[in-house]
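Just so it is clear, A, B, C and D label the chains in written order, and each chain counts residues from 1 on its own.
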Amino acid sequence: MDKTTASLAEAVSGIGDGATVMIAGFGGSGAPIELIHALIDKGPKGLTIINNNAGNGHVGIASLIEHGMVDKIICSFPRSSDPVAFNEAYLAGKLQLEVVPQGTLAERIRAAGAGIPAFYTATSYGTDLAKGKPVAEFDGKSYVQERWLKADFALVKGELGDTYGNLTYRMAARNFNPIMAMAADVTIAQVSRIVQPGDIEPENVITPGIFVDHVVEVAEPKQEEVLIREGASYP
Amino acid sequence: MTLSLDSIKLTNAQIAWRAAQDIEDGAYVNLGIGFPEMVAKYQPAGREAIFHTENGVLGFGKAPAEGDEDWDLINAGKKAITLNPGASFFHHADSFAMVRGGHLDVAILGAFQIAQNGDLANWSTGGANSIPAVGGAMDLVQSAKRVAVVTDHVTKKGEPKLVDRCTMPLTGVGCVTRVYSSLAVVDIADGHFILREKLPAISFDDLQSVTGGELTVDGSVADLIVPEQ
Amino acid sequence: MTLSLDSIKLTNAQIAWRAAQDIEDGAYVNLGIGFPEMVAKYQPAGREAIFHTENGVLGFGKAPAEGDEDWDLINAGKKAITLNPGASFFHHADSFAMVRGGHLDVAILGAFQIAQNGDLANWSTGGANSIPAVGGAMDLVQSAKRVAVVTDHVTKKGEPKLVDRCTMPLTGVGCVTRVYSSLAVVDIADGHFILREKLPAISFDDLQSVTGGELTVDGSVADLIVPEQ
Amino acid sequence: MDKTTASLAEAVSGIGDGATVMIAGFGGSGAPIELIHALIDKGPKGLTIINNNAGNGHVGIASLIEHGMVDKIICSFPRSSDPVAFNEAYLAGKLQLEVVPQGTLAERIRAAGAGIPAFYTATSYGTDLAKGKPVAEFDGKSYVQERWLKADFALVKGELGDTYGNLTYRMAARNFNPIMAMAADVTIAQVSRIVQPGDIEPENVITPGIFVDHVVEVAEPKQEEVLIREGASYP
């Protein structure tokens, strides 16, 4: 068993039109920018993107939007320092938006990975974001029912990855990566370094390989935040 | 009211200072993006609070010097941070388990409107062209043990932000426990604004006139005295 | 039936061997406590399966030599294990997220009864004085991609274990996909037992006579041939 | 802030009659045996114990039962190599038993820690253990509604613990420890070594200190499995 893939292009080759794609990261931290750009090169249309945000500047998810590849975004916070790509598409009616409270978004993703089709949360009770959702009372308090959130693919960014798909993350770049890796049919990880099984201590594995399908090495990944500050655009 | 509120009201730094005085040693605290983040600067000496950020860090410290940023180490406002000893990293679902499981002692947020029943509106103006963006606010307000707001007492147009009933889209229902405003400290309990402290320079009646719900008094009202910041 | 089943039936080791042949390279596998654990011994050469245990280990290996046990490193049967390279530890909720989230390719369990609709009874005899104890069986059977049973074809009293309908308390409904018995390999699909392989020494009719539900045939029935173990 | 406590007796001093106590561990692995024995020394009655098992031999939870301190056990598997303590009390009608599928037990505990009052699972659907529980259908499949499981106290066993309560665990001794630490009002951790904040790498913290109230050092903890094989009894 060897889950490594030689190229970014090969890693994303299975993602076709209409796919639902989770993209991990929080802002630029933990964003698998090289995988996103490989996806732009491939060019599938009609994607649903699940991310905490909705792109920034003219790289990564913002560039996916600019290339007309995205039909819908599910996120908690579609604002950014340079939100022009999202704003233009959204205000022109070309992009559907589902705004989900950040904790509910994380929990819905985790629920998908854990086989929980629905759960109750106090979050959003009594607000516009709970409209149309079932409400139930437990121990005298009201809660909103939320559904799991699954995807066809997850793009994640690890620090180390072994050939079995075990992953570690770098500092706060962990964020949505481990839970998105659990929630997609196919999880594709870019890592700064591919190592052999056993090189990551069993205690230090954050995402066990069972959740990962493909591992591709990007030895010196770009940091999205730096690209945006440089005014970069892709391609 | 003959008084100019602008001439007496606290600065944001002073409001943040006042809020910081109520954070006990060992408290786990989440500060909202922007103005609430200032609260971290004013921790009283001898007390250690541990700061949580939604994107998966507990125990972060000050911003790094310019040029020393590591963009994998940021807070919920996407600003670069540093770590204090004893910090930890965790994923987003675990991070919100801390929030939603009621493990945070205090969440401090900004507000558009706070109603006397504790309802909070701080995420959307409800305007037709506004793009909705909620982040973690709805999670924080429903679950932290104490939910405090730091805010100007009135809007830029002079309208009350402490209101009888929120007219803007809600962030949470019955969630706010205390308001630190530019004029007063107000608790919310049993559907009432309970005035705890007010600036000495403003009378109760003048304060009431810029407050959209009835201010009640339970015991004494202390002077809100804050050092220059 | 003139045939003595005992004279022809497979040993547990042989049943385990047969089950192991269906585990593909790279499969994530959970083996039930006891007899199913034997399947790990018979992995075909050139294939790597990764074994999961409910108590939070992925990628464990053989039992340690006696005297080398570390009792912090055990499997769900509370037997000491070792680790293979690439192993990982995780907590119980994450461990069952793997199970319940459908990430395991195969779970192999023992059985009291398997019904032709895929229902499984393997946790309680339902006796009045029995102490109920379920462990992780109900989680495993409802969520693994394939749920296989290794079992004698009949009980010690000679009663069918493959039945029309389970009479003992259920572990899961419609969950079993394949049965490796001491006489045959039987798939379960659309409410039917589909005979895939049988020992050459037993006729279809004799096999049917010790099977509590109707055996159907879809295509050909292969000979169940297993080396001595 | 310093969460360390000088003695085991002090660590368990708040646990009174009628308390619900989660005790981590799976068999002997990760079982906080010294904390349990300190609890026996204190002697509260009418406890509800939540553990995967129901005691083994004459130490730990088995000894709690033998001392008549336990009214109810919530567990997945009350069988063990030497179950005499549980069996006698249970068959004599002195001990209530709630059997919960192991994954449901773990998820109910995690739900309590994560503020989720109820969730749906496929596990136990159609079985005796689902009797009386609400059932709902999602995407054409039936699921059972399960409730969170909280406790007044959790007793956990870590490897390293710093003065802020950050914990690591030793190998498979992790098991129920991290989730029980999240689910109790008061979490008490015994650790093999108390260290200073920063001594545990932020990437390697398994239980962040926010979930832990008291940390007590037990430098060379006994392994329950070894005690049982030795035929030990407590006191």
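A few comments on the model shown:
In the analysis below, a contact is a pair of C-beta atoms (placed from the backbone, for glycine too) under 8 Å apart; a residue touches a chain by one contact, two chains touch by 3 or more.
Remember, predicted model here, so these are calculated numbers, not experimental data.
Note on connectivity: the fewest chain-to-chain touch steps from subunit A to subunit D number 1.
Seen from the Cα centre of subunit B, the chain whose own Cα centre is farthest off is C. Looking at A-C alongside A-B, one finds more C-beta pairs in contact between the chains of A-B. Note: centroid distance subunit B to subunit C, computed from Cα atoms, is 57 Å.
The distance from the centre of subunit B to the centre of subunit D, each centre being the mean of the chain's C-alpha atoms, comes to 36 Å.
Once the centre of each chain is set as its mean CA position, subunit A and subunit B turn out to be 30 Å apart.
In subunit B, the residues touching two or more other chains are 57, 89-90, 93, 96, 99-100, 143. Contacts with at least two other chains are made by residues 107, 110, 114-116, 121-122, 169, 171, 202-203 of subunit D. Chain contact topology: the protein chains form a pattern that is neither a line, a ring, a star nor a complete graph. Applying the touch definition to every pair of chains gives A-B, A-C, A-D, B-D, C-D. Taken together, the subunit A residues at the contact with subunit B in this complex read 26-30, 52, 76-79, 81, 83, 86-87, 90-91, 97, 99-104, 106-107, 109-110, 121-129, 169-179, 206, 223-226.
Across the complex, subunit A is touched by residues 107, 111, 114-122, 136, 138-139, 141, 143, 147, 168-169, 171, 202-204 of subunit D.
The touching residues of subunit C, when paired with subunit A in their complex, are 25-26, 28, 48, 50, 52, 57-59, 83-90, 93, 96-104, 143.
On the side of subunit B, the complex with subunit A involves touching residues 53-57, 70-74, 78, 89-93, 95-96, 99-100, 119, 124, 129, 131-139, 142-143, 169-173. For subunit A in complex with subunit C, the touching residues are 1, 110, 112-116, 162-164, 166, 182, 196-198, 200, 202-203, 205, 208-211.
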